[in-house]
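Take this structure, written in structure tokens, and hold onto it; I'll ask about it next.
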Amino acid sequence: MSSLLGNIFKGWSDYTKGNEEGGHHDYEHMYAMVIDLDMCTGCNACSTACYAENNLATVGEEYFGARQAMHWMRIERYFDEPNVGEAEADTQSRGASFLPMMCQHCNAAPCEPVCPVAATYHTPDGLNAQIYNRCIGSRYCANNCPFRVRYFNFYDHQETAWPAPMEQQLNPDISVRSKGVMEKCTFCIQRTRAARNTAKNEGRAIRDGEIQTACQQTCPTSAILFGDLLDETSAVHQAWKRHQVQLGKYAQNKTNPELRGYRIFEELNVDTKVLYLERVREV
Amino acid sequence: MSKTKINRRNFLKVLGLGGAGAALAGCDMPSTVTLEEGEEKIYSYLAPEEYVIPGVGVWYASTCLQCPAACGTHGRVREGRVLKLEGNPDSAVNAGKLCQMGQAALQAHFNPDRITAPLINGQPASWDDALALINEKASGGNVAWMTGTVSGHQRVLLDAHLAATGKGHHYAVETVNARAWTDAGKTVLGDAMPTLHLDKAKAVLSLGADLLGTWISPVTFMGQYGKFRAAPRGVLIMVEPAMSLTGANADQWVAAKPGTEAAVALGVGHLLMTKHGLSLNGMPNATSAFQSMTPAQVHEIAGVSEAALNKIADTLVSHSPSLVIANASHAAARIAMVLNIMLGNVGKTLTPGASIAADPLAPMMGSSKDLAEFAQNAAAGKIDAVFISGANPAFVAPQGLDMAAALKAVGFKVAIATCHDETTKACDVVLPLSSALEDWGTHVPAYGGKPGVVHLQQPLMEPLHADTRGLGDILLTLGKSAGVDGLDAFEDYYGYLRTAVSAMIGSELEGDWHRVLQAGQFETRAASRAFSAGHDVALGFSETAVSGLHLVTVARQGLYDGRHANSSWLQEAPDQISKAVWDSWAEIHPKTAASLNLKDGDYVRLTTASGAITTRVFIYKGVHPNAVCVPMGRGHTDYGRWANNGVNPLTIVDAHLGDWQSSEIIATASLVKIDAAGENRHLVRLMDTDQQYGRKLVATIPAQQFGRTQGGA
Amino acid sequence: MSTERSKRKPFPWVQAAVAAVVVGASIVLGAQIFERQLHPESAGVAPAPRVPGAEFPTDTFAGKDVEQPINYSHKLHAGDLGINCLYCHTYARRSKVAGIPPTAKCMGCHTVVGTDKPEIEKLTQMWQSNQSPAWNKVNDVPDFVHFSHERHLQKFLFDNPEMDIKNAPDVCAMCHGDMNQVGVAKKMKPLTMGFCVRCHESNQGPSDCTRCHK
Amino acid sequence: MSDRKHLTREQTKDIDENIAWASINTDVLRSMENPRRGYWVAMAVSVCLFSVMIYAEVYQYMYGMGAALLNTSHMWDLYISTFVFWIGMSHSGTLLSAILHLVHADWRKPIYRFAEAMTTFSLMTAGIFPVIHLGRVWNFYWVMPYMTDRGIWPNFRSPLIWDAFAITTYLTSSVLFLYIGMIPDLAICRDNAKGWRKPLYTWLSLGWRGDDRQWRNFRFTYLMIACFLIPLAVSVHSIVSMDFAMSIMPGWHVTTFPPYFVAGALYSGCAAIITLFILLRYFFKFEHYMTFPILDKVCKLTFVIAMVWTYLNLVEFASVWYGHDIPSKEVLIAKATGPYSPFFWGMMTFGSVLPFSLLSKWVRRNMYVLFFASIFLNVGMWLERWMIVTPTLSLGYHPQAFNVMWPGWTEWAMVGGSFGWFGMLFLIFVKVFPCVSMYEVKEMVFHRKRTIYEDVDEMMTLHSGVPGPKAQAQTQTSGGA
């Protein structure tokens, strides 16, 4: 009895304490990413690698046209907005810009508090996790995501996306999501899990670079960096530091405004963990 | 994975362990329900190798055959199934990276539309019957081979087979090729495949060479591009009629009228001479060609403004060393080579290529010239029998070549293919080929590898379908029955390859062989090449047709020339530029659209001298107003469940408009007429906007600032 | 009005008290049932703590006898003969799955031992015809669950200073029950999420959902 | 009662205080008997609509949520807007029975019963939508904090959980309120019932005899629940508004949403009362009880609430317009000018302009005009909910996801079906339970009369035909004299 009550009280105090401090735990890791938009060529390799790694279903033309596609990592293409005095039609002479857009793993994620069953939450690794089998499909999280990177299984895709023998290619480290479930980029959490296991077996900490996300691993220009922000030696930590971008700020205090690092929708104070480096333009 | 004692069927059956095979049950199951005991089956191994552990993935090295670049791969194998491909970090070609086509090799392998048994006239047959028929019909006379790019020991066996059967010819067909560049290299510098150093160049001018997309070895170039973009940042200039992936990443994208890149290049050369005082010693022909093309003329011919031309010339001079590459036409490629000489890039960013000493293994690079020649020879009845593998002439041939009639004129046709396509339908015998992930082979990268390095292709899993055979095995069988000397000693291609590789690495030791398997590549003697002094070739620009609307067919990384169309991943991966999926479209400039009164999604009929196709328009500004760009790859009629969508623009390319000084079919020269076809349906795209609406999504920074801050701060 | 008020019945204290007792009792009872699951030792069903430093989940599950292609006996091999679990289920220490031993392992002994028994003959015949028996899976977790045998063996067996590899059966028994007593195989623990969670709570296992859900 | 003139639009009194108590019982009980053909037609239509809804739901269950044409940016659409609509509808009953009860507006008495039934049924309708819009309906109970073996709880930070609590609480309270307020009437029914109704009413009326103690407890309980219900009603719709206000989406993240939603709720509830008022008056011939002066008052009340709603609407627009949130402003502009603009302006016209017609006495006294006006008021309110949900989703923060989406057939089927379901429940209700509160109408008549006759005695004499105690005493006195 006493332990039950104790559990409840402890749980409650953890809960309120967590809420006061941003709703999160003591982080063990803080996985984050850096994407150099000047190196990104928009070639789609990352996106296809993601399909292969994470059992993403292809939906076909009709559903894609209905905007029900399941691409966790989508490459958006924009043309620059015209400079003052420049004709709109001429902006293509500076080329296009590509934006790889996937779950930004916000530290103050708008999706997390609204999930009625806590199927999406923040892990001690600093990831925004989605527990598929807990999801009941209220889709509130997707509505509240400013990046529109949460994808809902509007249909069962098993038979159309993986006709036999294609199901043999499915990654057994990830479940195949059924209809009615929300899914999104996990920063390849199965690779994190495997690396943690190896590190534990060898009795050491996870090394920087030991975990590579599928998109990072395949990126032909190496535009993507992934690693632990809490590890001060990690390349990602160095890059964030070099670009003077800090977590937990909605306006960065840069001593050098010419640094390229920025986060998308920083002003919403969602505290994303993907640092984008600005595209460079020859003027 | 050397030959194991494991029974093949059981090796495949070991799925239940680890819940792998049952992943499909997904998470539909309420977790309050405990799974019933005894509902699933587990097959245990009989006698597994020690390293085979259920639930643990093992990585095997192999080679990617999705395009002629031959990147090294690592495949993750678990429970006997290959699950994921990654680049082989040891390979100098791709340095651990892969493009989307490489990733999608899995889908080519697990494709539900694979051919599983030999077919004779469309009816399933046994291998013995099929081979007997082949022996009967294709043992003498003019037996030809048609392949894509082929290299390594497959090429050796193929050549041997050809030699043994008589006077046949080997047609290597690649619609997407670098023939213009290689020919120009051979003519001007004496080296068909010089090494490019993008990472050392401070400026790159590309004349229609989509080096980030499909040109020669895109992953190599993208790897170099990453370094090229680091500080001090290189400047990329692209001249082309319709924006390619390279154009989209260029700092200066210059829209030239279709087929006029050579004129632009001449204009740049003119400015370099007159404005910047560069000269070409000992090349009077070239000098006069440059001098005769003034910027004003370029503006008239190519529609490129003098300001843009000046900017190109200024950049090339101020950012030295630079690099000029071209693939638009033979003329443009030659001029590019000469520009490199003039700019002093030779020896700095353009060095002699590296290859292997064993010439029979060197890649036989494909071209569309071979396609045309095949059509002519076949139609003329000069070919008695043909083996087709890795090429789809019935799909890529323009209507003008009348490939259907040409194939009909060939008495006996054998297709060696993994999937049905338009060509296998026309063949008498179809031999089921193992997929690239089930097969043995050696491949010499056409470009980008370390000198003397041969990539090894090893099976990543047991054949998915028991009755398929590898290309090497088929060639060996054919060679044996054709009486090629020395093949009888080998039971299968694996044995042949192992012997051959052992000879090349000079070691018969088991351990050395395993090291080769592990690395996925081995080094052999490299041939050193050198440039000859610049040949003073004739430079010129042939004004085929510079006015009017031109059809521009381009290949995009993804469906490529159409060979990857039956991959749902690649069909659903939005086209890099238009962001369209699952269907064809015709890119036209807003001005053109306005003059023709077309809206986005309107269906139009594109008519050339060779035929007509109907597709919908996509209006955007990344295309020259004189060009109608239709990416190739779609429009299959018999290529599996995912491929039969869109239209095939290659069919209406005017085949008789050969490139200047070559008979390559050029993709930009056909005049086209656009008629509205009435219907309008929204083109399915990833996004319907080009604009960021003031959201700071892709932010930009001027290059000067980048130069100041990249070092640190 | 005042007359009416005076006629009012007094508050039913007795009934209220009875109700309160009933409600209170049911809460306490319910909590104890819940707690019994959390801390079984408090309920007096303390098992012999065979794995030092670990608390056992004591739930049991009455699994059915699943028929198998070969009537193998755990009781004979593991119980009477005392063969260590890890001898046959050798993958358990290296992989997330324990795996069924390869037929070669069986044949290691049974080319010599017991060759005249009908079940062994069945096995030999399969071996000679390159067939592997189609075992029916007994202990199964849903596909959205990541469970690693390796991790648990590392924690409770190899990283546990008081344990030796010969104690492996004790560790296995935490989730599989006492296999020494059963015939072919039988599910003896519920293997539900609650079963996992309670053990993770008492043994300080991770409580992060993504560790177990994939 | 032969003179029907007082039942026409010239009528000035809320109710004819001379109406005989016995005839009240007769009239109301008559309405519960022998359904006529019109009733069966209405029932058939409702059942058909509801069957279509069931078909749509089964189809959607089998096929997936994609059947509703929802997409990656439009994760919610008509299901949620119609859910909000029905929740709003449910506020009328509380307004009429609880709020007006507390402020002693006795004209509510003839019409509050059906309003309260409406509350209950629209809540029951509303409750369907959050469930059917779930991707995995079969797990809907996971939002409830129940003790499980797995040791996990719902996420108490989620407004959807608050919704679940608020709606279930409100539904329970509403049912209780409806039922308790009906007990005296159920006793009347019991006394007059035959056949299967007899045991039903006997069981439901809980042994009501109408003695003083029962009445006292009844009054107290009724008042208590009324007091409890008012903050509950306000909180329910405030919480529903928080589904939107707690998000960060432009056009949803609005501080004034709670009062705005409550006002909108009362508004649509009032409009629905007008509709049902007219229907019941017409079909059940309740001209004596549902009179024009009462309708007049309801109309005025509706107008006032409409103005409050309009004001809050303008406040929202102004705060967005003068604010610095560009995406919000874009959403507002897109609402007014984009593809959804016809619906936006429809909402503004029906919601803010149409109520001005209620200022006209002619309209207030013209049932036909008023019937259609009230329907359109509710159409406007339904559009309002749609215009809250959808334009925001079509134009969020990320340009890639900008798109216009039109609801699929399952959505329309379920919106239509919800009316069928509601109609079905309501039609059953009016035949099983008295939809006019008999005892309260009697009270009303009683009180009204007292103000005229001043003398209770005289009134009682009038109703019962027996002289009251005072009169008897007087007679005795006079007789004695």
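By written order: A, B, C and D. Residues from 1 in each chain.
As a convention for this text, contacts are C-beta pairs under 8 Å (C-beta built on N, C-alpha and C of every residue); 3 or more make two chains touch, one makes a residue touch a chain.
Being a predicted model, the structure only gives us computed values, none of them experimental.
For the interfaces C-D and B-C, the C-beta contact count is higher for B-C.
Put simply, the C-alpha centre of chain B and that of chain C have 54 angstrom between them. Centre-to-centre, using mean CA coordinates, chain A is 36 Å away from chain C. Inter-chain centre distance (chain B to chain D, centres taken as mean C-alpha positions): 67 Å. Within chain C, residues 34, 142-144, 192-193 each touch two or more of the remaining chains. Shown for chain D are the residues that touch two or more other chains, namely 139, 148-150, 397-398, 400, 403. Shared contact sites, meaning residues of chain A that touch two or more other chains, fall at 69, 74, 76, 121, 132-134, 174-176, 179, 181, 265. In terms of which chains touch, the assembly is arranged so that all chains touch all other chains.
Every residue of chain A that touches chain C in the complex is listed here, in rising order: 1, 3-4, 121, 123-125, 127, 129, 131-134, 173-176, 186, 189-190, 193, 197, 200-201. Here chain A touches chain B in the complex through residues 36-39, 41-45, 47-49, 51-53, 55, 58-61, 64-65, 69, 71, 74-81, 89, 91-99, 132-134, 158, 161-172, 174-179, 181, 214, 217-223, 242, 256, 258-260, 262, 264-265, 276, 278-283, going by the rule given at the top. Against chain B, the residues of chain C that register as touching in their complex are 61, 63-64, 66-67, 91, 94-97, 99-104, 127, 130-144, 186-187, 190-193. Across the interface of their complex, chain A is touched by residues 28, 31-32, 34-35, 38-39, 142-144, 146, 148, 150-151, 154, 208-211, 213-214 of chain C. Considering their complex, residues 4, 8, 30, 34, 37, 192-194, 197-198, 201 of chain C touch chain D.
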